[in-house]
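In what follows, chain A forms one complex with chain B and a second complex with chain C.
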Partner chain A sequence: MLTLAEAATLEAIVDRLIPPDELGPGGREAGCALFIDRQLAGPFGRSESLYLLPPFLDGTPEQGLQSPLTPAVRMRAGLAALEAHCRAAFVGRAFAALPPAGQDRLLSEIEDGTRSLAGVNARAWFDLVLQMTMEGFFADPIHGGNRQMAGWRLIGFPGARYDYRDWVERHGAAYTLPPVGIGGRPGWHDAG
Partner chain B sequence: MLGLLAALVAAASDETRAETPAERGRYLATVGDCVACHTAPGGTPFAGGRAIETPFGPIIAPNLTPDRASGLGAWSDADFLRALRRGLRPDGARLYPACPYVYFSAVRDEDLLAIRAFLATLTPVANPARGAGFGFPFNLRPLMVFWDALYFRPAPFVADPGRSMAWNRGAYLVEGLGHCGACHGAKGALGADPEPGVLGGGRVRGWFAPDLGGDPRAGLGGWSLDDIERYLATGSNGRALAAGPMAEVVENSTARLTMADLRAIALYLKQDAPLSQPAAAPSPVPNGRIGAAIYADACAACHRANGEGVPGLFPRLAGSSAVQSARPDTLITVVLHGGRAAATGAAPTGPAMPALGWRLDDASVAAVLTYIRSAWGNEAAPVSSEAVRRGR
Partner chain C sequence: MPADALPAADVVIIGFGWSGALIAEALSAAGLGVVVLERGPYRDTASDFPPGFAPDELRYAVRHDLVVPTAQNTITFRNRVGQTALPVRQWGSFLPASGAGGGGVHWNGQTWRFRPSDFVLRSHLANAHGHDVIPSDATIQDWGVSYAELEPFYDRFEYLAGISGRAGNLRGHRQEGGNPFEGPRQRDYPTPPMRMTLAPTRFAEAARALGYHPFPQPSANLSEPYTNSLGVVIGPCSYCGFCERFGCGNYSKASPQTVLMPALRRRPNVALRTGAEVLEIARTPDGRHARGVRYVDADGIERYQRAELVILAAYTFENVRLLLLSGIGQPYDPRDGSGVVGRNYAYQTTASVQLFFDETRFNPFIGAGALGMVVDDLNAEGRDHARLGFIGGAHLAAMQSGGRPIQSRPTRPGTPRWGGAWKHAVARDYLRNVRLGASGSSLSHRGAWLDLDPTYQDRHGRRLLRMTFDFHANDLRMIQHATDRLAEIGRAMGPAEMVVNQRHGPYSVVPYQSTHNVGGAVMGPDPTTSVVNPWLQSWDVANLFVVGASSFPQNPSYNPTGTVAALALHAANAILTRYLPAPGPLVPR
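And now, the complex of A and B:
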């Protein structure tokens, strides 16, 4: 759904929200941006399950977002506003071209509300990106993220196994089976 | 002498029941499983309307209730005998052998007329549905003359005086009304049923009805008489669960037979001494690791890592004749589309196997099936992705 330029910005963002480190791959390699793209292209991105007729009044925080704008529209507007800000503030450079420390600083300012972006609710946009990045990191790989089950391996989640009867009685033993997704796991296709 | 023996055999299970012909006929119609075909899904029993799949296309099993216009109300006894013996309707038209009259021709007059007496007690229902959706040339009923000439020899049952009464009763039921060979015998190119007594296995609606001979792997060589009886009586024994077309046979027919008749059937099926175990060299399994990985993740929860299953709930795959059958049709169908085992009074659960075709691609299904056909001492030919693709 996203354009190549939008996707490049998003990839850079997810790789700062979940940076690669000695524990495993980051958001980019884990496919978080692909997950987000697919979700925005689907019913979630179109707010299909929400009541979307006016009036739209600012509610309390507990009442959640009160807006006719769908997640897809909000995501795009936020990415565009971030790009516009970077080009103006950093002599024409894209967000993806900033050094990691600069990217982190900018994202942190947006997160804590000290940096606004023209024309969008920057904080709400950041919340959307962070939420979807985490979902992409931990959701079943069938949805495009959590590639090679990076998220599940990190936290030791066993995946969609049918049951664990063989392990119930093995007190204190380490559980060693690899995680399995709805669509299987890499070992189903190559002898890995 | 032989005629007398045959009469005794036909009567063998009846002595305990002092019944009217119609009551006897109800039981015999159960042996023949007429209701399975001659009832539309959700329809009145015996009122016809179910489309029966044949190698040439679907054909409707017509109304057997005594409705005069659309059922058998206007038929004479002779008409009925001629239809079930020789496949001829009163108007001279030939019936397609989708009605297993090839087998019914072995049934004694008295038994067929008892069935007719039973059918005559049903409430008449008007249901004129009949006919076939075959393509040329099989839509030409007269052509059945040639089919009959090629394949069909009406033969009354001949008892074997060298065998026990029970064995002969079993032969009479299996080769006659029970028409087990209609599924368990390999079909010829023209949909012809095999010679009587040949129960070497056959394909039916995407399933493989296994070899009922003495082969120790693919047949009943490893089954005891009790195993066979329990399977037919309940649909479930520690070895196998009856699913697919056999679940219908068990629910409608064999689970309702007397224990004496089931024992007779088992005796007849076990006539062949078990063959000695062929000592085949274990062949290397293509994609063994992939198949084993899929089995561990997607199958072992139910069928257990050692393939032993859970008695009465999840069938054993280790040593299973269904798994080691010559043709993998049942295995492919069950994994792609799922299945449900028979639910009977004695085994009411009717456990179901979930369809896994959405989760496993052709190569994965082929790998896991090849694995179960070679693991735990099983031995049978590998399954190809191509065969799985055809089963989708």
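And now, the complex of A and C:
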């Protein structure tokens, strides 16, 4: 769904939210941006299951989301606003061209509300990006993210094993089997 | 009336969750012709949540695949009078189900009996502690049914579902290792308790050392294979960690699918119509008798199903809304306390404690919805409520329901939400954290009720239900006390760090808390304070029964399903043995 330019910005963002390091792949290599793209193109991105009848009023925080804008619309608007800000503030440079420390600083400012972006609720947009990045990192790989089960390997989640009867009473033991997803696991397919 | 009137049925049941399915089973076994109308899709294990894709956290837990879309049906919410209620556009605090099996598909399986004193709450408190302990604005009341009357039906449900547990009180005799505070039961659970992982084991040790009486959570995730009285076989739980919000691919969580549907499918006198959304309960011109229901079928065509008996067995919200939309019963008016429909809405008051360990692996991915150890001492009758400054109570538990990583990967305090530091923290803390929970009671009170929203409508142009609710100060004091005790147990487990998540007001519909929404069509012996009589029969329409947690006059701390099921079976028994021989009010008005 996203354009190449939007995808490039998003790739850069997810790789700062989950940076590659000695523990394993970052958000880019794990496919978080592809995951987000697919989700935005589907029922979630279109708010297909949500009640979207008017009137839309500003409520209290306790009353929850009241926006008529779908995640796809909000994501696009935020990415555009971020790029507009970068090109104005950093002499025409795109977000992806900033050094990692500069990217982190900007994202932190958006997160804590000290940096606004023209025309969008920057904090809410950041929360959407962060939520979807984490979903992409930890959801089953069938959804396009968590490639090579990078998210699951990082924390030791065995995935869709679906049977731990032999492990219930092995208190404190390290689980030794590799993670497996709904579509199998890398070793099953690489051989072919 | 509508164009398409269908052949009349003996019984039409609205909703195919636990309540509707149990009543369909009981009435069809007696030979009645039963039509069940379910607003959601047909669902079964092999077609909708087989092991191949059942463990999809994104689809089921995050995107709520088994929950009713708010586009189809939602409620509006405000904390108090003076605010404008706004629609819950995205579910959060609770997740109302839809589809065959209802919430019975995606529940955790924590199966409780309420205590004998719960059913006589107001008179029990008044007798034991004096009227003064009850807050003046509390509208708590007795249920009109006793634990002793319900016991055979609790027993019947537990033996249909194969519940795994250990008795604490057999016919008045204390049993070691069970809940010493439970009411007397006629026999032990049909299957033994689940085996325990490390976290609940440590929790129980710490609690016991502090003088509490921990016991295994009674569980609808079965510890061993079980064949029920209908000849249906339920499988053993594999501790896969995908219960709440998921269907069980192993046939090992009790649900209408695993417990009842194989038997119902063989009965020619039961018809289940899915995608059938009921618009209204139609009555005779004098309003005293239900003639059937109007509904929209899966093709969007309006239908009229006539029936001799109407059973309203949808979720709490839709039970109350259909009564209001159909004009049955006097709507509650909070200004003067008159009326009954929508009165006494109550919730659940929850809190938690998060423990982080340096070394010990707890393997949170091993789990089941009702796998855990529980302490029920804080609900005990002997507690001095005058001294404590609140009424009600909570149970404390270490439940290991599955560490699914999109939603369950806590990190220690001070950890950023993203970046390299977050990554290191989540890698360290995921396997080495334990969550303890406190689940507390909820008073019904004058500031909490359900009515029809003045503004927002559903896709059929019908008014949405409006919830006005905030936590009562009594309940916040109660849960703070319980959470402090929970933290003491947590500290005794020896964590490196601990976070105490106290519950504060105001109530918010955003973070998930509990799908235990109760009341609004409550039961009782007095038609001026209840919608249905002790057999769940409408005081106003004798051939209408309203079944579900909507009948709870207030909410004890416990999960509701065991009592919802017992009340449904109790009502079905009354229909067969009392109502059908002499149709009419079972209690004179």
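Here is the rule we go by: the second predicted complex is superposed on the first by the 182 of 192 C-alpha atoms of A that agree within 3 Å, B and C clash if a C-alpha of one lies under 4 Å from a C-alpha of the other, contacts with A are read in each partner's own complex, and residues count from 1 in each chain.
Convention: contacts are C-beta pairs under 8 Å (C-beta built on N, C-alpha and C of every residue); 3 or more make two chains touch, one makes a residue touch a chain.
Note that the structure is predicted; figures quoted are calculated from it, not measured.
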| item | value |
| --- | --- |
| Touched partner set for A:187, first chain B, second chain C, both or neither | first |
| Contact breadth on chain A, by residue count: chain C or chain B | C |
| Touched partner set for A:109, first chain B, second chain C, both or neither | neither |
| Touching partner for A:161 - first (chain B), second (chain C), both, neither | both |
| Touched partner set for A:6, first chain B, second chain C, both or neither | neither |
| Shared chain A contacts, counted only where both chain B and chain C touch the same residue | 161-163, 165, 182 |
| Contacting residues of chain C [partner chain A, same complex] | 51-58, 62-64, 69-71, 74, 77-79, 83-90, 92, 195-198, 201, 236, 238-242, 249-250, 360-363, 365-366, 403, 405-406, 409, 417-420, 423-424, 426-427, 430-431, 455-457, 459, 506-510 |
| Complex contacts: residues of chain A adjacent to chain C | 16-19, 21, 23, 43-44, 48-53, 55, 57, 59-66, 104, 107, 111, 130, 133-135, 138-140, 142-143, 151-152, 154-165, 167-169, 171-175, 182 |
| Contact footprint of chain B on chain A as seen in their complex | 161-163, 165-166, 177, 180, 182-185, 187-191 |
| Residues of chain B touching chain A in the complex | 287, 289-290, 293-294, 296-298, 300-302, 305, 359-360, 363-364 |
